[in-house]
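Every chain is named by a letter (A, B, C and D) in the order it is written, and numbering of its residues begins at 1.
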Amino acid sequence: MTGYTEKIREIAARLLTEGKVDRVIGFRKGTVPMMNQPHYVTSPAMAVELIWDSHCGLNLANYVTDSKERIGIVAKGCDSRNLVTHIIENKIKRDQLVIIGVPCTGMVDRNKVCARVEGEITSVEETDDAITVSGNGFSKTIAKTDVLRENCAVCTHRNPVIHDEMVGEPVAEQTGVDAYASVKKVEALSPEEKWNYFEDLISTCIRCYACRNACPLCYCPTCFVDESRPQWVGKSQDPIDVRTFHLLRAYHCAGRCTDCGACETACPMGIKVREFTKKLNKDCFELYGWEAGLTLDKRPPLDVYKTDDPDDFIR
Amino acid sequence: MKNLLEHTGIAPGRLHFSWISSAESTKFVDVVKKITEEVKALEPALNYAKTEPKVN
Amino acid sequence: MKLIKIDKKSLKEGIDKLKRTHSVFGPVREKDEFEFKALGDADMPDFSFSNTRMSPKAIVYPQTQLMFTYSLNDADDDCRILKEVPMDERPRAVIGIRPCDALAFPLVRRNFDTPEYQDTFWVRTYEATTFVGLACNEPCATCFCTSAGTGPFGKEGLDVLLVEDGDDFFAEPLTPKGESLLETAGWTTEAGGGAEEKITSMAAAANEHITSAVSFDNIKKREILELYDAPFWEEEAISCINCGTCTYVCPTCWCFDIQDETFGKSGVRMRNWDSCMSPLFTLHASGHNPRTKKHERVRQRFMHKLKYYVDKYDNGIQCVGCGRCVRLCPVNIDIRSICNKMNNFDPEACKCEVASS
Amino acid sequence: MRIDQIITETEDKSLKTFKFVFIRPEDEEKFAYRAGQFAELSVPGLGEIPIGIASSPTEKGFVKFTIFKTGKVTSHLHAMREGEIMGIRGPLGHPYPWETLAGKNIVIIGGGFAFTTLRSSIIFMTDPANRSKFKDIHVIYGARSPGMLLYKEELKSWAERDDMNMHITVDGTDDPDWKYHKGFVPAITEKFAPPADADTYAIICGPPIMIKFTQPVLDNLGYSHDNIIMSLENRMKCGIGICGRCNIGKDLVCKDGPVFTLSQLNAMPKEY
């Protein structure tokens, strides 16, 4: 990963100089440790503002929806899969994009890092496989693999699936990971235990909708929670309404979710909202052999009808 | 749809899908009868029923 | 200055005593984070926190608040007549609120308690509450309370200030309400000599810890439209995803929505926190929306806190420097940089730039 | 309060005027309002909506609101029947500045269904007890077609009065019997508005497009921006300056408005 930043700047400056794009979307250094900010650069001189490290967890595909411009976009594996989904769903055209692919070894979950130290982290440094966090009176080096975001830990598509430029050699894909271990754990529970598991999971939800808004898939002009005629779901903190929001948000991502983890990264309350979408991803994989955003050549399973579609739920 | 609902704790058997043509009225009646009986046997699922908030 | 000394044992005894007459709220650890909660019989506040994730504003102003009930049953005499929801009038005590969050209450009061209208739900709950603050010995890097009108040992908005000194606490009563709470809790042992000096030096040490600051002295002098039309809003809003995190975690954001929910033949009219980040917030029934673009909504939030509020009440900014929005914004929009940008903004220089380019 | 009478105002039935009677007389006393104010109409189960008061304080025994069918509450209202019960909260906001307007020439310019508080003002000013308090009164009121004009009978009677100058106009009509003007409000304003002077005030209320094109006309006629009074609307909930959503800059439309002079508006962001 060392050298990605320089390479991204170089490519961005080149694309802007050559007039191939109107802007390049990437990340700039954040104002607090382990936070980077999605950012646009529009001139070659601005390219130095871009950076890359293990805290680029948000999904930049979210920032190109319905754009009319020509865009250079920095994309790790999951971002590239969402760009594919965006292209399939006509939210952007392939020829508007210059995809700057970033082979990725996973992003760090800052909640996990914070939980491993006592005291406030004021600075962070990183190497290829470890990060060192320091604060008042402490400094600790942690292996990145120990604090990866959960979606990154089970990711098997770390290299961009489409790209026009690459900032480095492809990284080895993980093998032998069980992408759905957490789902299986819940599947083994009784209905009541399942109910309580999710009740506890979303008990701290404040309905800020950061999960929805960080998600590149959530681009509806009016979200179902914001509709008033008819009003599908109440707006209070009633647990039934909160659960309805999470369930329906997940359904709307069925067959489309790339498990990029932006929803969890964005959640201010640290809720594992992927527990909802993950189940649907598993079903899509098991029923249709489908993982979203891998190719521009196939329509998603919920988009097509086949006579041999599994139908054992129909009686 | 069914899978995620059941995954989050809606008891299996509460959601049914059936393929019934608009011409198959007797099948519709049969299915509704059967499902109604089956769901009644499960007793009311109060956990996903929104209730009026209590006033102090 | 009157100072009371409370040791660990009497802290617990006092809080147990308070629970008999008060609803007592305090910071408790929940999952990996701290939140203010109503303390049950067995609960004690956990002071090992730097600050709670959510602000304690919900103690006075819950995210969902029932205001009225109504019947839609024509057989009822009061069919379609709103009845005010009776309030929990029991006195409340908040133990361990940080000075920044405490300042938020008088600041927000300017909105809820005006000469023309009083929001009885807010005002009555606020008045029933005694605020026992806990000084911050170790403020965070994202804290900027000292430039937002208070400080780690700030007193405004508090009835009592507690200072943690090893296993003991010093308590300084700041209002008659605070004095009477100390008495109710049985915290009456006067601290010995030297306590005052000790607190002063602790406060100075804590102030040293504050490493970030905002300035807003120039903002006040500018015209609203100068700042509103400043060229940086679109750029500042690029990363914003328009979620409501900043507004919901903020101790000073007060906007709400009113909703009716009907259950069969009866229902409730309630209010819920709302967020100016949502396009729905300003959408007219006609479909017209005065703030359609996201940078307009981002601008609204910062202009409200840092300019409109300043002009309207002439009493500082609508921000207490708690740093929650800085820490929790998913895309790292930082009120400190934006405030300073607004403060340094010179429309004259800006015009020249445009003219010369 | 109880719905006493419902009148369908326009040919497309999108506008109805509701005449409400207070159930308790003391509530009517408390509801002492002036022209230009609004109230929150409440339908339990659906919500509240801010609506300008169309009746005049000089009309006793009832209050009137003309309501356009657009959202959840207004659609329900349109389906309600005479005799049904609903809630009202108000009066809210500032009225037109009647102290300033006393002794002045008044030009009322209205378009479409934004004529409600203007109706209130006209009734108020032409009340025998008040007419002498004002100098010349001009009213310019336009709608898309004759069938879309509000308060048709009253318009007719105002046009016949000799103590006010009534200029009714429609964007277009093929009715051969139409005896008033044809043309957009700005054009009619240009032709018939009295010359500007310090003692002449314009009160404007209408759709944004009408305001946009009428304002330059008044500028050309020399109207000072202090003498142009407008009534705004924004999404509201509480109506009493607390819930925070209707702000334009530091001002809240519900509490500091809805009435502003153009001078005031010029110093405010265009968020309405």
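Here are some notes:
Assume a residue touches a chain if its C-beta (ideal position, glycine included) is under 8 Å from a C-beta of that chain, and two chains touch if they have at least 3 such contacts.
Computed from a predicted structure; not experimentally measured.
Pairs A-B and B-C differ in how many C-beta pairs touch across them, and the larger number is found at A-B.
Between the CA-based centres of chain A and chain B the separation comes to 34 Å, rounded to the whole angstrom. Centres computed as Cα averages put chain B at a distance of 44 Å from chain C. Rounded to whole angstrom, the centroid-to-centroid distance between chain B and chain D, based on C-alpha atoms, equals 52 Å.
With centres set at the average Cα position, the gap from chain C to chain D is 39 Å. Residue positions of chain B touching 2 or more other chains, listed in rising order: 50, 53.
In chain A, 234, 236, 238 are the positions where the chain touches two or more neighbouring chains simultaneously.
Those residues of chain D in touch with two or more other chains are numbered 71. Counting only pairs that meet the touch rule, the chains in contact are A-B, A-C, A-D, B-C, C-D. Here chain A touches chain C in the complex through residues 30-32, 35-40, 58, 62-63, 111, 115, 120, 122, 136, 204, 206-210, 212-214, 226, 234-238, 265-270, going by the rule given at the top.
Residue ranges on chain C touching chain D, taken from their complex, read 68, 70, 72, 79-82, 111-112, 114, 116-117, 119, 223-225, 228, 254-260, 262, 267, 269, 271, 274, 276, 281-286, 288, 290-291, 296, 300, 303-304, 307-309, 311-312.
By the touch criterion stated above, chain A contacts chain B in their complex at residues 183, 186-187, 191-199, 234, 236, 238, 240-241, 243, 247, 250-251, 276, 279-280, 283, 313-315. Taken in their complex, chain A has these residues touching chain D: 228-229. Within the complex formed with chain A, the chain B residues making contact are 1-12, 16-19, 31, 47-50, 53.
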